[in-house]
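Structures given as structure tokens follow.
Both of the next two complexes hold chain A, though its partner changes from chain B to chain C.
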Partner chain A sequence: MEDKRLITLEDISKAYDGVTVLNHINLYIRQKEFVTLLGPSGCGKTTTLRIIGGFERADSGRVIFDGQDISEIPPYRRRVNTVFQKYALFPHLNVKDNIAFGLKIKKMSAAEIQKKVDYMLDLVNLSGFGKRSVESLSGGQQQRIAIARALVNEPEVLLLDEPLGALDLKLRKEMQLELKSMQQRLGITFLYVTHDQEEALTMSDTIVVMQGGNILQIGTPKSIYDEPSNAFVANFIGESNIFSGTMVRDEMVHFCGADFPCVDSGFGEDKPVDVVIRPEDVLLVGEDVGQVTGVIKSVLFKGVHYEMMIDAGHSIWKVHSTTMQPEGSRVGLSVVPFNIHIMHPMQEENKQPQEEDAQ
Partner chain B sequence: MKTLKRIYLGLILLFLYIPIVVLIIQSFNAGESRAKWEGFSLIWYGKLFDDPNIMNALWITVSIAVLAALFSTVLGTLAAIGIHAMRKRPQALMLTLNNIPMTMPDIVTGISLMLLFIFTQVERGYVTMLLAHITFDVPYVILSVMPKLQQMNKNSYEAALDLGATPMYALFHVILPEVMPGVITGAMLAFTLSLDDFTISYFTTSPLVQNLSTLIYSQARKGIKPTMNALSALMFVVLLVLLLLVNKRTDSQEK
Partner chain C sequence: MTDFQVPVWGYWVMGAGLAAFLTLVGMYVKKNRGFKRPLFASPYVLWLALFTVIPCLLVAYFSFTDPAGNFTLDNFKNFWDSNYNARKAIDPKELESYLAMGLSLEDLGLARNAINIDTLVFSLWMAFLCTAICLLLGYPAAHIMADREFKLGPTLVILFIVPMWMNFLLRTIAMMSLLEDNGLINNVLEMMGVGRQKLLNNLAAVQLGMVYNFLPFMVFPIYNVLNKMDYKLSEAAMDLGCDKWHTFYKVTLPLSVPGVVSGITMVFMPAVTTFYISRLLGGGKVQLFGDLIEAKFLSTSLNEWNVGSALSLIMMILILASLGLLRKADPEGEGGGIV
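Moving on, here comes the complex of A and B:
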């Protein structure tokens, strides 16, 4: 990753039939950076991608590419290429001609095209597939061809619109790693759209969390996971317990009927805040030493850990632990100060309902 | 019950096809009388091809069918692509507008076109008949191409632009190849419809420019000559083959 800003979105807004899809978006993407736009469906992430690709025009704002305003440039003259959600391979062309589509437009010689196509097929592990019809390929293979078809044009930025959405879990994990290593090897800037938080955490240099046409937070995967800026981000990235509380004073917060020492300060005194605690950060201790106590309502085995829902009177805690406590037993709950994360409360309408989803 | 079903079906088919069968048999009758079989002969087929009026009408019919199919296929395909790119509401409106002429009785289409030509003081003849045929063919072409466009991946066109294709290049190298089966079906349908049209042709041409249907009609008023049997039999066979081809294409496309 370099410091040069390759793409800058300036105050981009977009509405369809009076419904706002993007609300004054500002964002920059550095050269060779792997940026992921993450958010639930309808958050505007795909529209942002399509505006950069040139398939949609923003109602206001500018798209700056390498110092130039490209807002009015049609897609076929932009130095970006796209991998579409449903691949969009051309069914009347075979694998080779699909990959060669862009090169033929550039009027390259047949020998040069052959060389580049072979190199690309090799890169996506499909050597020897050139003559096959695209419809005879599996979903994963079609996706690789779509990636090869885009990359062969040597774009400066590759836009990927939920490219792994249609693949099964195992294949998806493999492709995540492959895409990441491809990006690092080729040194191309990737702009990746997904609603899968795990995918975003695994692959990205930078994650942009979006909701309702707004950018909620921009940061590295670690900073977004550890320091979510509000309850929505905390809920969307990983599982979390979110409680309404009050900041008693610096480094002391009150929620769930108890005072907890924490490491945050600067929120003021007696101010309402949201408190995030990751399920894996809650410690199960003896009833007499816990900061709060509760009754275990349910226990689910999740492979590497157990997921327990604990009723602590007025609140439900989700706890991940490698040791199991039997259902119905009373336990103490404790959280070390460092693992308590304090956030400014969200405006009510944006607040996610606190569900006890046992997925 | 089963035999009853068979007999019923047999009767239906018999009533449907017996007039055509009689016509075809009569076309091989050596005698001029329709009441008496005077032996097998190809004499009327021979006379048919010697008749300059009929040959002229045949030329007009075929040339109009080819030209009408050509123009309506180009217009209809482009129109379908345009309609397909519209947003939902205008698209639904355009498709309804497209369907209305197809459900309209031919006689209404024919008379309205005739009135239009009279009103605009265009002399009726070959060109007006061709224009009329293009007009009634276009909706069928649109209807044949539309499903192919809807089956297309909605990102195909954008993918082409993304890879550097201008809109024109994308039209010829991505959209048209993908919808080509529908375009060919549409062209064949247009050709067939144009070939066997009588009503609309009758109202949009002059007595000096006659296609086969209007010629048969005008001759039938003077009493039907056996050459007409031969001509009708030939038209039936040609149209049957064309229709079978169109149906076969539509079937295999649906699979």
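Moving on, here comes the complex of A and C:
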């Protein structure tokens, strides 16, 4: 990944029929970076992608590409290509002609087209499929053709709009790894849109979490997971226990009827905060040594671990553990200070967060 | 009698049109081969038998028999030469004596009269023109109405449908009163200082009436296909470097071919069998094949029903052939339907 900022979105806003879809978005994408726009449906992630692709025009703001304002440039003159959600392969053309489509528009010679198409088919593991009709291909194969059709044009940025949404779980996981390795091999900037947090964590260099037309947080998968900026992000990325509490003083937080030492500071004294604890970070200890105690309400076997719901009086804790405690037993719960994450409470969700450094 | 002739270039243009149509069909036949529809999978077989199959068989029976009910091919010979039956009816000795008197077959009104076949060719020509004009007008209209950005599209569709709920005869009579010498259009023209024009009782008026009546049958199949088309395909084309024109030419147009083929067939079929429009707007000067068949059945002469049946059968075979082509080009009936 390089430091050069390839795409910059400056103060982008968009509304449909008076409903705000994007609310003053600011974002930059570095060259060769794998950036994922992550959020629930209706959060504005696809609209952001379509504005960069040129299929929508922002109501305000600018799209800067490689130092040049491209807000008014039509899609066919932008140096980006798109992999569409349901592939949008041309049903009247065979596989080869689908891939060659962009090259033919550029009036490339037949020999060169053949060479490039063959190379792409090889890249997506579909050599020999050139003469097949696209409708005869499986979803995963169509997906690869859609990627090949976009990549053959050697775009500087590849825009991917939930490209794996229609595939089954196993195929999706395979394609995630394949896409990531393709991106690294070809050295192309990827801008990826998904609502699947696991997909985002697996593939991205940088994740942009969006909700209701706002960017909530920008960061590496690890920083998003470990340091969610508010309860929404914490909830959306992975599973979490979110409690409202009070910051007693620096490095001491009060929630669930107990004081917990933590590592966060700077929130002020006696200020309301949200507390995030990942289920795997809760330790089950003896009743007498726990910071809080509770009764195990339910136990679910999840394969790698057990998921237990524990009633600690005023709060329910979700705990992941590899050892099982029987239902109805009383346990102590403990969290090491490092694993307690303090956030400003959700009232501030509409405030545009500061763009933090992704690295 | 028709006063109008098909121009020589018309045959060439019609031939080229047919070739183009067959090419279009051919493009899609290959792809869709093997598609079979369960034709008689419904309990309406009885209905079909009573009101479709039996009447068809009756038409076939009449066309292969003479008024006495004996098998004959004379009715079809009459298609080639409308005086055939008349010449056959005359006593050969009497005919010989007339000829010996120096009278020719022309003088006797018994020479070969090609009115039937000429009228059919003329009808084909008129139907071809009508189809071509409908395509040129209808495709852009359908394209505009199916445009996602065009908010008035659905309203326009309704505006196209509503007039079709009215009887076509009524619409044609209304058109007649618009075009007549003292009609609305002429009044406006006079007010504008252009002066009154002869708008009615000519070929253009008949063609106008046909285009007006059949245009929706072109618009809707094309609209249907375009409307159902995934707009992402156009976006993909633009994404891959196509400007608006190339997007249309490379993606939209080829994908709308089933609608175009449907539209062509659905306009051409009724256009080639048109009658009445020609009489109302052509003032009796324009006779189409449909008028000819009608005249046969209204005639009091003895064997005209049989001749009329033969003409109908020929027409029906033409229509069946084009229907067969349609089914091959658009087996899923994508283009059909809205009306």
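In this section, the second predicted complex is superposed on the first by the 347 of 359 C-alpha atoms of A that agree within 3 Å, B and C clash if a C-alpha of one lies under 4 Å from a C-alpha of the other, contacts with A are read in each partner's own complex, and residues count from 1 in each chain.
The rule we apply is simple: a residue touches a chain if its C-beta (ideal position, glycine included) is under 8 Å from a C-beta of that chain, and two chains touch if they have at least 3 such contacts.
This structure is a prediction, so every number in the text was calculated from the model and none was measured.
Chain B and chain C, once both complexes are superposed via chain A, clash. Of the two partner chains, neither chain B nor chain C is touched by A:Tyr306. With both structures placed on the common chain, the touch criterion links A:Tyr119 to neither chain B nor chain C. In the superposed model, A:Ile105 lies in contact with both chain B and chain C. By the touch criterion stated above, A:Tyr28 is placed in contact with neither chain B nor chain C. By the document's definition of touching, both partners, chain B and chain C, reach A:Asn153. Shared contact residues of chain A, touching chain B in one structure and chain C in the other: 53-55, 74-76, 80-82, 84-86, 88-92, 101-102, 105-106, 149-150, 153. The touching residues of chain A, counted against chain C in their complex, run 53-55, 74-76, 80-82, 84-86, 88-92, 101-102, 105-106, 133, 149-150, 153. Across the complex, chain A meets chain B through its residues 53-55, 74-76, 80-82, 84-92, 101-102, 105-106, 149-150, 153. Those residues of chain C lying in contact with chain A across their complex are 31, 230, 232-233, 235-243, 246, 250-251, 254-255. Every residue of chain B that touches chain A in the complex is listed here, in rising order: 153, 155-156, 158-166, 169, 173-174, 177-178, 180.
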